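Both complexes below contain chain A, partnered by chain B and then by chain C.
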Partner chain A sequence: MRNRLKVLRAERNWSQADLAEKLDVSRQSVNAIETGKYDPSLPLAFKIAAVFGVSIEQIFSADDVAQAAE
Partner chain B sequence: MSRKRLNSGPDLRTMTMTKIVSSSRQQRKTFSIIGMAGCFGLFMVLMQLALSYPVLAWVSLAPALASVVFACLWISALDEVARQTHYRAWSWGGSIGLMVSLFTFLWLALQPGLFDRAIGALGVAEPAMVGLGAGLMLAFVPASLGYFIWWAVAWLRRG
Partner chain C sequence: MAEHTLDTATRAKRRYRRDMIIASVLYVGAVFAGALAIRTFAPPQWALIVLALLPLAPALLMLRAFIIFLGEIDEFQRRIQTEAVLISAAVVGFSSFAYSFLEEWADFPRVSLIWVFPALIGVWGLAACVVRWRYK
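On to the complex of A and B.
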């Protein structure tokens, strides 16, 4: 799974700690999601989308879908 | 309008709410860890006292059960990434530990008279109880060690 978490975060000038606080998770958890070490559950993915004010598809994409688009 | 506000920066109302939730999660974690430690301490004290007053061995079941409740509270207070790390550590580390136990049991079974010789060398009064205890420890300790090692490596590798 690929994600645009880092880009979206940078656009808003938020640190990992800022995002972690908004999502009610630890900073390490944000880092794990951002680096692709962990794929979030659907409820957390919805929460992330709500925090950024975008749809889930605008943040996450499957590896094969992303490769096909490129 | 609401999307614009979300994109423009943090919503103060959401921020306050999140802070409350965060601190509540942290409080629940701290509370459950203190609870587990307290129960474990009480259990150990009661087990020591049970050597003189055997009925206390039954009483020690209360803190043992309470510690399970605190453990459930603790796991529910973790965020999902931390929780999954613990689940994975128990699944992989614990399973590898159980494999170690299994091979050790098999190896011991293929050494006729080893247990009797060990008991004889130790000179224990109740060999059956010692054997039962050693068997339980052999099943439990490698699985717990496997879980702990797996979790510790994951914890050290977190960013």
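On to the complex of A and C.
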């Protein structure tokens, strides 16, 4: 799964630690999600979307969907 | 919210550390008290069984502390720990299974079952480091 977490975070000038605090998770968790090594659960994905004030689809996309759009 | 989040994680780690220290102290106490009682009083068979199972209580407290900790950490950290526990169970389970055949059929030296639990804990710790490193 692909995500725009790093871009959205940079737009808001948040560090990984800042985002981790807002999400109530560890910084390592944010890093693992950001680098695509860990796909968050649906509840956490909703929480991430809420923190950024966007929809889940604007953050996450399946690999094949993202490739088709390119 | 940020302050609350940090406190939640820190509280979980502190509680886990405190519970593990208490359980470890109780475990050492139970082992020494049991061994001393057996040597000093020559207790009957039923008492020997009770004394032999005494260290199990603090070991269960350790397990309880870990389960509580597992429920308090975030989902990614929980994934790391559960993967590590699975690896540990597989490695120690298959190793002890294989070694028991070696003992029976190839006259390998007898190893006490008491080493299984420490092996589980040790391999779990190593596996957690490897799994965490893999996600970096």
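Here is the rule we go by: the second predicted complex is superposed on the first by the 70 of 70 C-alpha atoms of A that agree within 3 Å, B and C clash if a C-alpha of one lies under 4 Å from a C-alpha of the other, contacts with A are read in each partner's own complex, and residues count from 1 in each chain.
The criterion applied here is as follows: a residue touches a chain if its C-beta (ideal position, glycine included) is under 8 Å from a C-beta of that chain, and two chains touch if they have at least 3 such contacts.
Remember, predicted model here, so these are calculated numbers, not experimental data.
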| item | value |
| --- | --- |
| Joint occupancy of chain A by chain B and chain C, clash or fit | clash |
| Which of chain B and chain C A:S41 touches, first, second, both or neither | both |
| Touched partner set for A:F52, first chain B, second chain C, both or neither | first |
| Chain B versus chain C as contact partner of A:I33, first or second or both or neither | both |
| First (chain B), second (chain C), both or neither touched by A:S15 | neither |
| First (chain B), second (chain C), both or neither touched by A:D24 | both |
| Chain A positions touched by chain B in one structure and by chain C in the second | 18, 21-26, 28-29, 31-33, 38, 40-41, 44 |
| Footprint of chain A on chain B - complex, ascending | 3, 6-7, 9-10, 14-15, 18-19, 21-22, 25, 79-82, 84, 158-159 |
| In the complex with chain B, residue positions of chain A that touch it | 12, 18, 21-26, 28-29, 31-33, 35, 38, 40-41, 44, 50-53 |
| Residue ranges of chain A touching chain C (in the complex, touch as defined) | 18, 20-26, 28-29, 31-33, 37-38, 40-41, 44 |
| Sites on chain C touched by chain A in the complex | 1-2, 5-6, 8-9, 73-77, 79, 132, 135-136 |
